[in-house]
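Everything below concerns the one structure shown next.
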């Protein structure tokens, strides 16, 4: 009798000339996290080939400082993702570079008090010029004064019209690209970033803008409801992952039924671990218990720093996937939002 | 000539009868994370003995489900912390228990699709009854309808008056205790939790409550500005840590000076690691470069699961610290907030 | 119908006056790694109460430098362990202190090239005086010249007679205590430590001592075979864990039967994680597939730095367990080994 | 005045058609572990271009089961490494496949007691047929009876003549390739693996072979002494790393001088972390304090699962490095070892 567990062989890698996509496909037949990176590639590819799927990316941390942000912009350009859920850091710190500034290569083995004296901010081994950072925050602050203080914005609306402004200014950041491609960008803890710094400074000058994250969650739930299936890709955990997972729960509850409507596909790239009990590191299996991810859905977690996994996956997809056949239509979401939105739209 | 590095001996632990506080003091003379746990104890004790210090705790993840929440309530009761910054999960999931519900001991080695069929939600090895969870969310939803839809709340205001309500109902959760002790509680990504679920369900029924996290950051900055020094204690990272660190940056910018006004003391308990570049795992040294933590401040990071470190530290403090001499006065913050606040307060 | 998963409640911790053992028992009813630490305490206690169990500890890394080694000596003294499997580092670096030397408290944020100039060796945040280190290695080297070059020693034999010598010299290290209490100590990669350094220096002077780790594995298998059940406690992973696990596999194969004879109880304290696929971080469940740990055995993994877990567990046991009722008899192993062993015993 | 820290810009990745080597070079200009992977590539390339460097690889864990072993064989074939230091697992488990057996793709979410019933051994998500595993161990056991019981082998000698035997049998494993290319392979804890299992079973049948790891360390030190500089590449930590690092220390002591002779180049791929204080996760900076790695040497640690990093680095090197100019001559080491070695060589 055939052993039920011994059915799918590990295939040993023979080094040779191959493309990134080919290497990833071979890695998918190995073991440990190398296999998982290969499987993540395969699942993402399957998402792109699935008709009418809405692909939502959670994008955590301060990854934009590391040279990753143009990959996100490219994913939006190619429409390899349909919705972005980001920390405030990730969709503000890219603007520093898009404005002409730079991040710098540094080391974690450094005297941080000397960095402080030199007005240099450190992100592990990446350095920022504090003055360029403030310049970016000042741009946000200027924008705030153009907004309607009587309107309650979702972060998605806020980032859309800020993207519009940046587009007009020729500042080609992630949200600029998202504006141009009509890709919604949520930042459900936006005050916890340079945006928040700008908002408090504006408040102290009498400019109070209202951003409502319950409205975000409502909109995100609607995106799931109106779509024909969802796939999620989590680059790190944090609020971007938690918020996107939560939309599946809300969706179930708004329908009022007893049958959960989870995400159909899920990829998670994380450097966290399950045993600490947090949402950032929890398995996609745990998410099944909540009805957040489908029990029979294609799902893969790869434990790896995003700065390794993301460039490799993106280049593999670029080689292998020529075009996405269908993308969700968000005209219901963006229809009313023109340049006038910021002054005229009632809540 | 004396070797400059060989000045402070490691002291080997002799097993014997001792209190938790005594053991922690001995661990502070060892090495690796055991030393760090001991040092964290010493730094917390130093904070409690420092006159007029404002002690802010960041409390991340879903730790309240693990039996930790009464420790937080006790820290508030004893005024061993003055301000709490929490995930929405941590100040909602405790309410489930405070309402009479329970969490259950489970295992991560389980069939999650069977949990789903049994309406059981999993947090690593802790299980929740989905129906009790909804009951808690329903309580939040009921509360939302009592609020003023024209007022823009900070999460601190929102949680204060919800704590007031829970107090009146005899539901003794963290925010109940915080209400009673006039300890401000912030939740700067509150929609990303059961609160958000309740808010969306309420929105779909026409109840739209506005919570403004820029107002939170503004208030938190004011707390720092009005205090005579700050100490921070981070249980995990996430938005609670990031937000609290950010307040130091905002404080510097509102003053407009070039001299940073960082937090004076800092303790961090985390299971994350610096090398992934995120804020949750970054060192307190990195925070020095930003002006978030004082270069010469007492600071200690202990890499350890909070469910180990927190009970041990709390019991050690309970043994050793009989009373805190002075606590910051928050009457300026709570003065106007009576039971009528929720209907009558102008923005 | 009762939900099959919701049977054993999490119990929230109420801070109050309690012993370390009481706190550990309460932690065993919480969640995440705090629960695991409490459960590890309970399983160790159960091992101590089980009649005729042989308790084997794997002790990895360079933990003796951090003040932990006297805890190990105490566990041997109390006979809370019966067999020790250690890295060479852990049973040599303690000798440095037992000889009157010291380790020193340092920081990982340091200029290591300056440490080099000052002849200081760093272990994360613990510092050693290179010259004291060499003094310890010289003591080993002197001992080597007393041994029989024609005899092939197991590391257990080698460490036993070295313990005898240290005992005579009044140097009270781990192996001294083990010699005195007739507790076997294995070090199955002993050349990979200061012992190896001493051995190579001795070889260059013509002194060639033979240590045979297959003999170690043979002896360890015999210990398992002659006992009436085994319990294992892994402080870290590495060769000490792997070797001890392997003994269960060898035991099954020497019997020649098809029924595995795994370890009956297992505790693992580790800071590694399963997802990297290594033996150090793998779950005790994975060990079940190999027949290394019993499927129905009491087993618990606690993900925690040993310098936190070990002192707390040891003090809890010291409070709660007054005496161990029965310990395995190793006279068959030590019978022939007198002071003359080193010159006269045939292989 | 130019800010001293802001000199080397991070360069954002533009997705496009490129080779693996090109992508790695771009990653070297980003941040976090992606940069480190790119830098590891650059340092390895620099090692290959350096004349007369001896390149030593430490290869830990049970990675050969995951499809990685042919990459190691390829590195030996291309002479991109000169010396291999391996766990016993890594140079025995590959033989299972080289003999015609297979590993299988599995899942960590599995019932391990059912695996046990089905005679399947699990390595995280890789499965082995227990009977094939024993077949491999039997091959080792047969080989043992061909060896000279009066000779004391280094593991390097042992693996060399076993490689010779496998070569004759047409079993193309790592040590087969190493035999053919005259690349020394050390396994300084060889009994802690299937080799040890075979050795104990042989001992019980009266066949006692002596393997001496002090001899290994002596040989490895000689390799360093006779070379004109050393570069080390650690795939994981464990004994392979520790042993190789130790050789630098021994080398310094055998010379008897006060000036350390550390390794000149160092690459470390690890999933461990420094804060646990172990050698596997410690930084290469820590190694500087010991004189194990040169203070001014090119060194880079990349925190990443080896199953991700190794295939990518190998393919990048294959694309970019056509030929290694010079390799160390090991004829002094292998000169005497002919097929007769196993019976006739005196110690």
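The letters A, B, C and D name the chains in turn, as written, and every chain counts its residues from 1.
The criterion applied here is as follows: a contact is a pair of C-beta atoms (placed from the backbone, for glycine too) under 8 Å apart; a residue touches a chain by one contact, two chains touch by 3 or more.
Keep in mind it's a predicted model, so treat the numbers as computed, not measured.
A.B. asks: Just grab the chain with the largest centre-to-centre distance to chain A, centres being mean Cα coordinates.
C.D. replies: Centre of mass proxy via C-alpha means gives C as farthest from chain A.
A.B. asks: Between A-B and B-D, which chain pair is linked by the larger number of C-beta contacts?
C.D. replies: When the contacts at A-B and B-D are counted, A-B has more.
A.B. asks: Roughly how far is chain A from chain D, going centre to centre by Cα mean, in whole Å?
C.D. replies: Going by mean C-alpha positions, chain A sits 38 Å from chain D.
A.B. asks: Quick check: how many Å separate the C-alpha centres of chain A and chain B?
C.D. replies: A distance of 26 Å separates the two centres.
A.B. asks: Where the CA atoms of chain B average out and where those of chain D average out, how many Å apart are those spots?
C.D. replies: 45
A.B. asks: So which stretches of chain D touch two or more other chains?
C.D. replies: Within chain D, the residues that touch at least two other chains are 31-33, 63, 66, 109, 115, 120, 123-126, 273, 275-277, 285, 303, 305, 307.
A.B. asks: Name the shape of the chain contact graph, picking from line, ring, star, complete and other.
C.D. replies: Looks like everything touches everything, fully connected.
A.B. asks: What does chain B use to touch chain A in their complex?
C.D. replies: Going through chain B, the ones touching chain A are 60-63, 66, 89, 108, 112-113, 115-116, 120-126, 134, 152, 188-193, 196-197, 199-201, 203-204, 208-218, 221, 236, 238-239, 242-243, 246, 249-250, 253-254, 260, 271-280, 282-283, 285-291, 295, 305, 307, 347.
A.B. asks: Residues of chain A touching chain C in their complex?
C.D. replies: 31-33, 109, 273, 275-277, 303
A.B. asks: For chain D, which residues are in contact with chain A within the complex?
C.D. replies: Those residues of chain D that touch chain A are 3-18, 20, 23, 26-27, 29-35, 37, 63, 65-71, 74, 97, 102-106, 109-110, 115, 118-120, 123-127, 129, 285, 303-312, 314-315, 318-319.
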